[in-house]
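Note that subunit A is present in both complexes that follow, paired respectively with subunit B and with subunit C.
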Partner chain A sequence: MAHETHTHVRSQTEYEYIRRQRSKEMRGQLTSFAIMIFLTLIAFTAVAADFSPYLITPIILLLAAVQVVLQLYGFMHMSNKGHGMVAFFMFSGMFVAFITILALVTIVWW
Partner chain B sequence: MDLNKKYTPQSWPDHPETATMEGKNKFVGFWLLLAAETVTFASLFATYLALKDKGPSGMEFAASNLFELPLVFAMTMILLTSSLTSVYAMYHMKNHNFKAMQAWLGITVLLGAAFLGLEIYEFNHYVHLGFGYTHSAFSAAFYTLVGTHGAHVLFGLSWFIALMVRNSKRGLNMYNAPKFYLVSLYWHFIDVVWVFIFTVVYLMGVIG
Partner chain C sequence: MSSIAQKKGFGAAMWDYLTTVDHKKIAHLYLASGGIFFLIGGIEAMLIRIQLMKAGNDFLSAGTYNEVLTMHGTTMIFLAAMPILLAFMNAIMPLQIGARDVAFPFLNSLGFWLFFFGGVFLNLSWFLGGAPDAGWTNYASLAIASEGHGIDFYALGLTISGFGTLISGINFLVTIINMRAPGMTYMRMPLFTWTTFVASALILLAFPPLTVGVFFMVFDRMFGANFFDVTMGGNTIIWEHLFWIFGHPEVYILILPAFGIFSEIFAIFSRKRLFGYTALVFATILIGFYGFMVWAHHMFTVGLGPTANAVFALATMIIAVPTGVKIFNWLLTIWGGSISFTTPMMYAIGFIPSFVAGGVTGVMQAIAPLDYQLHDSYFIVAHFHYVIVGGVVLAILAATHLYWPKMFGTMLSEKLGKWTFWLFFIGFHLTFFIQHFLGLMGMPRRVYTFGADQGWDLFNAISSVGAVFMAAGVIILLVNVVMTSIKNERVGNDPWGDGRTLEWAIASPPPFYNFAQTPLVRGLDTFWIEKMEGNKEGMVYAEPLEEIHMPNGSFVPVVMSFGLFVASFGALYNMDGDKGWTIPVIIIGLAITFGSMLFRSLKDDLGFHISKEELMRDVKGGKSDGLK
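So, the complex of A and B:
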C-alpha cells in the first residue's frame, strides 16, 4: 500500500554520524529560539519605552518578519531539501495575503 | 505490507515523515493547507486593520486603552516556548524515541492549554468591561481575528491529544510518523500567526 518504504539498517558508524548531525541541528534550533525570545523582548520593550509610533511601528513589524522567517526556515525545516513546492505554496499564499491586506486597508482608509 | 512494521533507531529512515507515498502526499497537502490558512488570516487581519477603533460615535473603548501588555507578553512567551517543545518532540521522533517524543508533546499540550486559559481569561475580562462581540465593528473584528487563532490553538491541542492517545500503545512507525510531523507543523504555524497578532493587534494597538 501507500505506506511502503525501503528499509535500510544503518551500520554503527552511520548511526552515530546521524545522531551527531541531529544534535547539531537541535543546537541550531535552540539558537533560533533564543533569537526569537530576544526579538520579542526588544519589541515589547520598545513599545513600553513609549517612543514615537512612526519609529516603533516599522521596527516591530520588521522584528515580526524576522521571527516568522526563523519559524518557517528553522522550526518548520523549510531550509531543508525537498521544500521547493512548499516554498512555492507559501510564497504564493503570502503574496495573496499581502494583496488582500493592501486592498482592504486602502479601500477603507482612503 | 504491514502498517505496524516495527523499526529500531538503526532502521528508522532519515526523514520518516516523507519516507512513504502516503507521507509525501500528506506533507504536500498539508503545506498547501497552511498556505491557504495564511490567506484566511490575512483577510481577518485586513478586516481588523480596516475596522480598528471604529464603531458607534462616542464609544469608550479603543485599542490604546483596552489592551494590557503584561498578559500578552506572558501568552507570547508560553506559545513561543511550546513551539520549541514541539521541536524537541520532533527531534526525538527522528531518533525513534517514542517515550521522549510523547513526553515533549505532553509538555507542549500543557503550555498550549495555559495559553488558551489566559486567552479565555482575557476575553472574559473584556466582556465584563462591556466590550462584547456586538459592541462595535472594532470589537467584532478583534474577537473574530484573535478568536479564530484561539480556535486553531484548541484544534491543535485536540489533534495532539488524539494522536498521543490513539498511538500510545502502537509506538512509532510509518503509519503515524507523518501524522506527528504534521501536527507539529500546524503548531508552529499557529505560533507564526500569533507573532503577527501580538505585533499588529496588541503592540500597535497600545501605541495607538
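So, the complex of A and C:
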C-alpha cells in the first residue's frame, strides 16, 4: 500500500526467459493471423462460388464464431494467466444474450 | 484531514456527505434515501388498502388509484428494496473481505447520486401533472396510450437511476474480484459477500435489456418511433419480453442478498458454522444462471404457444431445486446450534416458512395451464408479496437490527425490535395470506374497486387491517431509531458477541480507512477462528503498519447526476412540441454532465496519505468511532 516505487532490475536469465516467452507469443499471433485470413478466404469463396444461401449462411456464421475465439485467445490474451474471471463473465454474457436472441427469434418472429 | 475526532456543524456534516466517497457513508446515504422511499411506498400501500377496505369505496378515483398502484410498485422495487440492499452491501461487503474501500470510490458515489436524482425525478411526477399509471411493469400497449407525462417520468427516471445501479453492480464485482485481503479465497468469502457478488453479476447482465426497453419506450413517445405500436407495424409483446428478461433476474437481485443476510444471521445466532457452505455457494450461482432462463413464465397467457410455455414452465420449476437446497442448509445450520433469539434471528426464523409459502405458490404458477387461472388475479399479488415481503423486506428489517451497531455504533433496542417484528410479521400474514383466496375467488389484480355482491368484502377488510399492523411495526422501528440515536450508547467491535466474519473484528463504526493493517485470512469465519484461538486482537495482519493511501472526497458526482436530472426535464417537456425552452434545457443539462466529466478527467486528484504516526495514535487511543 505504500507509495514508494520499487525499481526491479532483471537478471540475465529472467531477460532470456521473457524473450523466449515473447517470441513464442508472437509466433502464436502470426499463426492465428494466417488462419484468420484463410477462413476469410473460405467465406469469400463460398459466396463467389454461388452456393445456396442455406449453405453459405451457416458456414459464414460458423467461421465468424471461430474468428471470435481466435481473436479473443490469439490477440486479446484471454489464454494468459489471470483471465479466468474475465472469460467466465464474457461467456456468461454471451450465453445470456444468445438465449435472449434465440427466444425472441423463435417465439416472437417465427 | 486530521484524525482527531471533532464535533462538526450541520453544514459541515452535510457537505461531508455530499462529497463523500467512503463506502460506509455512501451506505448511510443509501439507507436514508432508500428508507424515505420505503416510507413513501408504504404510504401509497396504505392508500391502496384504504381504497380496497370496503366494496364500492370512492376514497381514490380510478385514475388516481392507477397512479398510486404504479408508483407503489415502482418505488418499492427500484427506489426502496434495491437501494436499501445496496446500503448493506456498501456498508458490510468491503469489511467482510478485508478491504479499505470499494474498487472505485468515486463511481460508488456517482452510482448513489444517479439513483437519488432518478428517484426524485420519478416522484416529482406527482406534482407535475400526474404520476405514471401503467403498472410497475409498464406494458407498452397501456403505456403508449397513457396521457400526460406520467410514463415519461417513469422512463426517464428509471433510465437515470438504472445507470446508477449498473455502476454500483460493476463496482462491487471489481471490488470482490480484486480487493480481497490475502488469504480470502473465493471459497472463504462470507455468504453475504457471495450473494452480493452474484447479485452484482445479475445487475450487470439484466439491466441492459431494461435500458434497451426503456429507450425504445422513450423513442416511441418522444420521436414517434413505433417500436411497440402494432398499428404501425411494431410489436407490443417485445416490451414484455425485454421487461421480463430484466424483471425475473431483478427479483433474484433482490432475494439473493436477502439470502446472504439470513445466512449470516443463522450462523451467528446458532453459534455454528454454516451447514453446507459449498452447497450454499453453488446454489447461489446456479440460481443466478437459471434466473435468466425463466422470464416467459410471466407471459404464459400471452399466447406464446404450447412449446414455449412448456419449456419455460419446466425451467421455472428447476429453480425451486437450488432454492430448496438453501432452505435445508439453513435448517441444518440451526439444528443442534445454541440458538439465541435476538431480533435478527426472529426475522430469520420467520423468513423460512414465509418464503417457502411464496416458493410453493411460485411453483404452482409455473404450471402453465394452472397459471391461466391464476394469472392477473390476487393470487399473484399474494405470491410476490410472500417472496418480496416475506423474503426481501424481512431481510432488510433483520439487517437493520443486525448491522445498525456496525454502521452507527449504537445498538437498537431489542425490546422495541421484537415489537416491530411481531407486529410486522402478524400484519404481513394477515394482509397477504387471505389474498390467495381472494385470487382463487376470482378477484382480479389492479382493480380500483369491487362490488358488494361479489363476496370479497370480508377478506379485503381483513387484508386492510393487516396493513395497519405492518404500519405500526414500521413506526415502532422509527421510534427505536430515534431513541437509540438520542441515547447514543456506544458499543464495541462485536456487540452481538458471536460475530464470525471480519466486519466484527474492527470498531463500530470502523475508522474511515477500515483496517489500519490489512488482515490475513486463515479460513472461513475469520474472526471466529481468531477468537477461538484466543487472539485478543481478533485478526492477524498481512502487513506491517504503514502509511495508507486514501482517495479525496468529491462533489463532482452530485453535479454530474444533477446535469442528467436537468436534461431529463427538457427531454420530458420537449415531447409537447410547443415549448421552445426545452432544447436549451437539454443542452444545459448535458453540458453540466459532460463538463463535470471533463473536469474530472483533466484534474489530477492523487488522494492523500494517512501517516504512520496518525495510525499509531488511533490504534493506541483505541479510537472506536469513524469520525475523521
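In this section, the second predicted complex is superposed on the first by the 100 of 110 C-alpha atoms of A that agree within 3 Å, B and C clash if a C-alpha of one lies under 4 Å from a C-alpha of the other, contacts with A are read in each partner's own complex, and residues count from 1 in each chain.
As a working rule, contacts are C-beta pairs under 8 Å (C-beta built on N, C-alpha and C of every residue); 3 or more make two chains touch, one makes a residue touch a chain.
For clarity, every value in this text was computed on a predicted model and none was experimentally measured.
Participant: For A:R20 in the superposed arrangement: first (subunit B), second (subunit C), both or neither?
Facilitator: The answer is neither, since A:R20 touches no partner chain.
Participant: On the superposed three-chain arrangement, identify whether subunit B or subunit C touches more subunit A residues.
Facilitator: Of subunit B and subunit C, the partner in contact with more residues of subunit A is B.
Participant: Between subunit B (first) and subunit C (second), which, if any, makes contact with A:T100: first, second, both or neither?
Facilitator: In the superposition, A:T100 contacts both subunit B and subunit C.
Participant: Now for A:M85: first (subunit B), second (subunit C), both, or neither, which partner does it touch?
Facilitator: In the superposed model, A:M85 contacts both subunit B and subunit C.
Participant: Have a look at where A:P53 lands relative to subunit B and subunit C in the superposition and call it first, second, both or neither.
Facilitator: Only subunit B; A:P53 stays clear of subunit C.
Participant: Between subunit B (first) and subunit C (second), which, if any, makes contact with A:V108: first, second, both or neither?
Facilitator: A:V108: touches subunit B and subunit C.
Participant: Using the superposition described at the top, list the residues of subunit A that contact subunit B and also contact subunit C.
Facilitator: 1-3, 85, 89, 92-93, 96, 100, 103-104, 107-108
Participant: Write out the stretch or stretches of subunit A touching subunit B in their complex.
Facilitator: Of all residues in subunit A, those touching subunit B are 1-5, 7-10, 15, 18-19, 22, 25-26, 29-30, 33, 36-37, 40, 43-44, 47-48, 53, 56-57, 60-61, 63-64, 67-68, 71-72, 75-76, 82, 85-86, 89-90, 92-94, 96-98, 100-101, 103-105, 107-109.
Participant: For subunit B, which residues count as touching subunit A in their complex?
Facilitator: Residues 1, 3, 7-11, 13-15, 18-22, 25, 28, 31-32, 34-39, 41-43, 45-47, 49-51, 69, 73, 76-77, 80, 83-84, 87-88, 91, 94-95, 174-175, 185, 188-189, 191-192, 195-196, 198-200, 203-204, 206-208.
Participant: Applying the document's contact rule, which stretches of subunit A touch subunit C when the two form their complex?
Facilitator: Touch list, subunit A to subunit C: 1-3, 85, 89, 92-93, 96, 99-100, 103-104, 106-108.
Participant: Help me check something: in the complex, which residues belonging to subunit C touch subunit A?
Facilitator: Listed in rising order, the residues are 173, 177, 201, 204-205, 209, 235, 237-238, 241, 245, 289, 292-293, 296, 304-305, 308, 518, 543, 546-549, 609.
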